[in-house]
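Have a look at this one.
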Amino acid sequence: MKKTRDKMRGLAPGTLVAPEGAVVPTGMHVICYDAGSLEETIVESVAELKRFRSSGRVLWVNLCGLGNTEMLAGLGALFGLHPLALEDTLTVRQRPKVEDYKENIFVVMRMLHFRGEIDTEQVSMFLGRDFVLTVQERPGDCFEPVRERLRNGGGQIRTQGADYLMYSLIDAVTDNYYPFLESLGEVVEQLEDEVVDRPTRQSVGKVHEVKRSLLQVRRAIWPLREAISTILRDESPLLGEVARVYLRDCYDHAVQVLDMVETYRELAGGLMDVYLSSLSNKMNEVMKVLTIIATIFIPMTFIAGIYGMNFDSMPELHQSWGYPAALGVMVAIAVFMLFVFRRMGWLGGKRED
Amino acid sequence: MKKTRDKMRGLAPGTLVAPEGAVVPTGMHVICYDAGSLEETIVESVAELKRFRSSGRVLWVNLCGLGNTEMLAGLGALFGLHPLALEDTLTVRQRPKVEDYKENIFVVMRMLHFRGEIDTEQVSMFLGRDFVLTVQERPGDCFEPVRERLRNGGGQIRTQGADYLMYSLIDAVTDNYYPFLESLGEVVEQLEDEVVDRPTRQSVGKVHEVKRSLLQVRRAIWPLREAISTILRDESPLLGEVARVYLRDCYDHAVQVLDMVETYRELAGGLMDVYLSSLSNKMNEVMKVLTIIATIFIPMTFIAGIYGMNFDSMPELHQSWGYPAALGVMVAIAVFMLFVFRRMGWLGGKRED
Amino acid sequence: MKKTRDKMRGLAPGTLVAPEGAVVPTGMHVICYDAGSLEETIVESVAELKRFRSSGRVLWVNLCGLGNTEMLAGLGALFGLHPLALEDTLTVRQRPKVEDYKENIFVVMRMLHFRGEIDTEQVSMFLGRDFVLTVQERPGDCFEPVRERLRNGGGQIRTQGADYLMYSLIDAVTDNYYPFLESLGEVVEQLEDEVVDRPTRQSVGKVHEVKRSLLQVRRAIWPLREAISTILRDESPLLGEVARVYLRDCYDHAVQVLDMVETYRELAGGLMDVYLSSLSNKMNEVMKVLTIIATIFIPMTFIAGIYGMNFDSMPELHQSWGYPAALGVMVAIAVFMLFVFRRMGWLGGKRED
Amino acid sequence: MKKTRDKMRGLAPGTLVAPEGAVVPTGMHVICYDAGSLEETIVESVAELKRFRSSGRVLWVNLCGLGNTEMLAGLGALFGLHPLALEDTLTVRQRPKVEDYKENIFVVMRMLHFRGEIDTEQVSMFLGRDFVLTVQERPGDCFEPVRERLRNGGGQIRTQGADYLMYSLIDAVTDNYYPFLESLGEVVEQLEDEVVDRPTRQSVGKVHEVKRSLLQVRRAIWPLREAISTILRDESPLLGEVARVYLRDCYDHAVQVLDMVETYRELAGGLMDVYLSSLSNKMNEVMKVLTIIATIFIPMTFIAGIYGMNFDSMPELHQSWGYPAALGVMVAIAVFMLFVFRRMGWLGGKRED
Amino acid sequence: MKKTRDKMRGLAPGTLVAPEGAVVPTGMHVICYDAGSLEETIVESVAELKRFRSSGRVLWVNLCGLGNTEMLAGLGALFGLHPLALEDTLTVRQRPKVEDYKENIFVVMRMLHFRGEIDTEQVSMFLGRDFVLTVQERPGDCFEPVRERLRNGGGQIRTQGADYLMYSLIDAVTDNYYPFLESLGEVVEQLEDEVVDRPTRQSVGKVHEVKRSLLQVRRAIWPLREAISTILRDESPLLGEVARVYLRDCYDHAVQVLDMVETYRELAGGLMDVYLSSLSNKMNEVMKVLTIIATIFIPMTFIAGIYGMNFDSMPELHQSWGYPAALGVMVAIAVFMLFVFRRMGWLGGKRED
């Protein structure tokens, strides 16, 4: 995006510039349907799209890749899209949002992917009276179930209009968050066990990683919730009553995803404290071992040191009971120390501490 | 739920799929009453329910188990329920919410259970003009007191309509939170004593556990409060004036539960700090013991070491006062060290530190 | 309350059950007044109250103790109180709140007491057109100044109506928070000095205790502020213009109390950090002492150890300068070490660290 | 204030009681002006004020000291002030606020002073149609620039009414916050350097102190911002269009002060963490010195100890290479240990750690 | 600013005083354009500007430097600017804001610069019906792209009015935040790696520094977002429909910048915890080394000490197996200790801990 921004600085707003390294789309995937019929095809130029527009059927055009700005400009002209919306489509770090441009509604969402770590891809969507245009960064999406439902003709999707199609697509994106959250939830639970029972140095990195991923998901879903709420409050005539009811359900899903994100964030946040306390506990244990050994042996070694002195007149040295007595004193010291430590609860540390 | 979601992905919204491992209900528990009469029975098919509907009495149907989607679909058809509401009924990780579908109001709540740890069960409720339909995940609920009041005919429950019954059921769920919160409150108080007075390694796990449980309760009660507030603001004609007043009381209960949850959360949050400081204190004590022992004996052992050297010309060694003098110096060092430690307040550590 | 709740579960809402261990009131304290006259008496039955009601004067009935549910029911009947309000009166862990039951306004407040630690007592209040009914858990309250003003007839209290009396009582409760907060404020200031200058192990317990007390006060005053604000927004005809102006002042007091609570909470919160840093400082000091002693004496003891070896051919042992040289090396090591520690700023630790 | 409150408890609201130790004012400072003339004088009784009131000019009365309640009551009567406002004037721990009493507007602000630590003084202000009355706790204020502008007749202050004077006074109080904040900002920056580079035990006390001062300033400015916003929203006819525009500017200043307070609070909050980490770093360093010395010398001392044993048959003792070999082993151990520590990066600790 | 404020205290509001050390502008940069023509020049006095005003074209005057208050006053008179706005222009620590002075709109923004650390410069902007006046503190800005677009005549900038020019300038400032945020984001990511993998003492200073910079950016962008939102809500006729749509896009950019700031702040906040845990880990490691060495050698040294004693009757000393046996016991102790440490997982610390 940095490059994009750099390139774009100095250009008039609405000038279309493809982001660095954008995928060049080879064609547009078109589904055109009404209750009775469905036509699915790949078209390669905007001109071919025209015949679908006047058919009275719902038209869904899906473009995978932002590398062909002319094609996008052509789509903009065909469907009457606002230049700013087209520019946003190409600026791939948009926050999810909804813009109502009277003749059409522009929706930006972020689709989750997993490539080593959780990553998000921008999906732009335009809803008109009888069409939906979706633009993705790359091939590969979570819309297949919707396509399947369209092909099968089950449910009401074929009998409803473009607004219901838009709902279905937003819902597909939202539903796609669940498996990610569930696996993040599992990671959090696993980290809870790890951090409480056997914390390692890697734990803290993992906790940070999961917090980062949750932040990522939150940045994608929080504004999406806001955006759906905005559509619902909006009086746009493009959105029928039925689609509104279903979108309200979709809003509930977004709220629920957010609720899960917040719960996991809170749990992950608490783990850091647990980890720190667990480090302190380990340090305590190490120090206890050192202290026990040192405080038992240092006085004994001192006794030994005394009788290792070479003074001429050390009467004890010449008594036959001298050696056993010295040993006895040492043992007595050791026993006394052990007794003190036991009373302080330092021995059997595992039970008490 | 993961499985459910996976199975559901690709299906039209409103398609009814039972969650994995759902309990298959053996029948529906029916109570049909008016001020003068009450009929309580178990029916096995939706068809049998029909005769109750036209009786002019209030009908309460309770279904325990989500395993029979046909029965649920039948109930949906009989009572005119919205497909999305039925779908939500089967998606068992819903947040508490209220949806007003004009002809009926759909309420989702979460009932607390204790199975080793605090767990929640989804209760869906539909309120129509003259019926209440409740759907639980499993047998075993907190509605028994309501049934008892219905059977006894005490209070106004029999003379009021279905809306009052709904209030009674919501109130039963809310009331059910108190014992859980009280036991969590006791755990928190007990942990406070434990952490301040005799913290063990298990304490931190327990604190984390109680925070987790409180988070669980909060996730269940926070949206319920919102939901009740939504019903109250709502102008739905299904809800009479009397039920509204009582529901307002129920809202107060939810607010109070939330207040308790927040208080306990705050106290539990502070415990982690107390625990960490208590660990530091223990470490300080361990280190002091080590330091006292080491700083007393190391210099003395050094003296002993000097007179253990084998130099030919060490005049002190051959004096008769040599040995007592060496011992005297050692004792002097020990006494001086002890004096220094006493002044630094390290001895009698229990009183000062 | 636990018991109460347990007992109540299964009862119709509005059923009056005295809380466990409730004080049985021996009578009701009655003050009936107008601008010109005041009658103060103790009545023992609700029946006796009736003659005061039709007197055209303002009637204040004060009931101390919740143990007599029949008396309460009688009062409910006499003054036309809502069963839910009466139930709330007996449920002694209510949050402060205001309910407008058209013919009367129901207010719940919490009075602070000090019994070893800060404790709260529920005060319920009903305002009607010409009466105020107050219900306390126990004898002993903060209303005496109001009674005194009524008896003296000073100010406008006798010339105003029941609404002004209600204001005076709410104000008395709010004013009562100040001494508690001031003593908590003193505790916080004292803890600040203690924690910075001479932290002991007890400090952390005290900090936790004061945070707990502040939480307690906050739980009582926060909803009271909300409640007063609700009365003020409310259009209830029971509340005259004069009482409204005074109540607004009372609202300011509640806001100010809350402001003090929040300030003390923030200060107390910061103390924990200060305490932890102070523990670390002490540990640092202990470790420095150990390290200084050990690093000075360990090398010297090693030198002594070398010349304590019994090898046949150790030429130094037989030189007359051997012993003084060995001692000289030891002193040199000690001096060098002390020099290093001085440069590292470890000596004179009190000034630097 | 404690005393005040204690004295006041039991008094009717609106009874005027001077706070303990209040300064007894010797007179009132009066400035009476219009575009063409200005009269400045000290009057000693309220009676003398009367002649200024009917002059058609703007009258500013400034009273320094709360010790003369009769004078205040007289002012109240003269200017038609509400008893509650007068009571608030004497209760010197009010939060900043604005009360609109129809015929006049009552403003409470807090002026900052520096007496060893940051302290606040209450300034009460009444705005009428043609007068402003200000009441301070003590002589000494930040209004001198306003007086100077009045005397000079520069700007529009003399041509505008009492509302513009009130704006000028509020603005003078707000402007007075800047130097305090700037010096607090400098303290924070200085503490940042101190804590990162050479933290001492005093640092934590200073950080706590600066947080406390910022809390103090925040308590004074936060409600003032609210209060000014309330005046602006208010439709009071006492406030003309011009004064409103200027007051909006004053509101911006308050917001900016608050913004600075919050920034410094956040920075000061972070310093505690930095300090704790810096303590840990120092401890680490101390421990490393101890560990390096101990782990080098303990094994060497052990070798020396072995050859200090008095066994009859220790062949090495009688070899001529015995002593050099033992010394060689010791040196080898020392070199090996140093090599290990260098690889672990413990030596040259200053560069790495 | 301190000086400025000090100088200003006592002056009437609206008096123009240049801030200390302000740059004295050498002239004003003027661009005057309509769809067909563009004139770009430097003028040195306000008088020369007059001829541009009546030209019916859009006039953009840019002043770099606040050192010439007369020029500014002249501009104020020419364009009819409010004295308070001119004063704000000279008070260079304003928060971003928008003031609607009916005949013109006054906007304050902060432009980011990098001079060693992130610094902000105030840009004031006045929008009239047919002019835009921008005032900067110093030469050097981010408006060059806008100038370029004007000169090139590309896009709609030349065909739209002054409002569109204002939008373009606000957008240029907002766009300018991205590279700063991106470099801050890279610093945060780099610090994440550093703190988790190889934390040094400098890390904590860097984390604090980046938090400080983010706070700086946040202080600049947060109120700008509010300000743009205020313009959009405002009904000012100075702002046409087209500019409004574009400004909404600009608002989205501000929200996105803020979103990035908050994300980085959260990540940076978490780094402190990670760093502290990493310090604890290092301490643990140091202590383990010390403990392992000490607990192995102390007992062995004690054994050596025993047989270094000079008692006459120590039978073991005279046995030929004495010496090997003593060595054997020592080795046995060492092996046992190593075994215990291995079982406690202290050896191979890198893998486990």
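Should a chain be cited, it is by its letter among A, B, C, D and E, assigned in written order, with residues numbered from 1 in that chain.
Note that a residue touches a chain if its C-beta (ideal position, glycine included) is under 8 Å from a C-beta of that chain, and two chains touch if they have at least 3 such contacts.
Source: prediction; values computed, not measured.
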If a chain touches subunit A and subunit D alike, it appears here: E
Subunit A-subunit B separation of Cα centroids, rounded to whole Å: 25
Centroid distance [mean C-alpha coordinates] between subunit D and subunit B, Å: 41
Per-residue multi-chain contacts in subunit E, two or more chains: 276, 280, 283, 287, 290, 294, 298, 301, 305, 308-310, 314
Touch-based graph of the chains, sorted into line, ring, star, complete or other: ring
Touching residues on subunit A, where the partner in the complex is subunit B: 144-145, 148-149, 154-157, 168, 171, 175, 178-179, 182, 192, 196, 245-246, 248-249, 252, 255-256, 259, 263, 266-267, 270, 273-274, 276-278, 280-281, 283-284, 287-288, 290-291, 294-295, 298-299, 301-302, 305-306, 308-314, 346, 352-353
Parts of subunit B lying in touch with subunit A, wherever the complex brings them together: 1-2, 5-6, 8-15, 82, 84, 88, 93-95, 97, 99, 200-201, 204-205, 208, 211-212, 215, 219, 223, 272, 275-276, 279-280, 282-283, 286-287, 289-290, 293-294, 297-298, 300-301, 304-305, 307-310, 314, 316-320, 322-323, 326-327
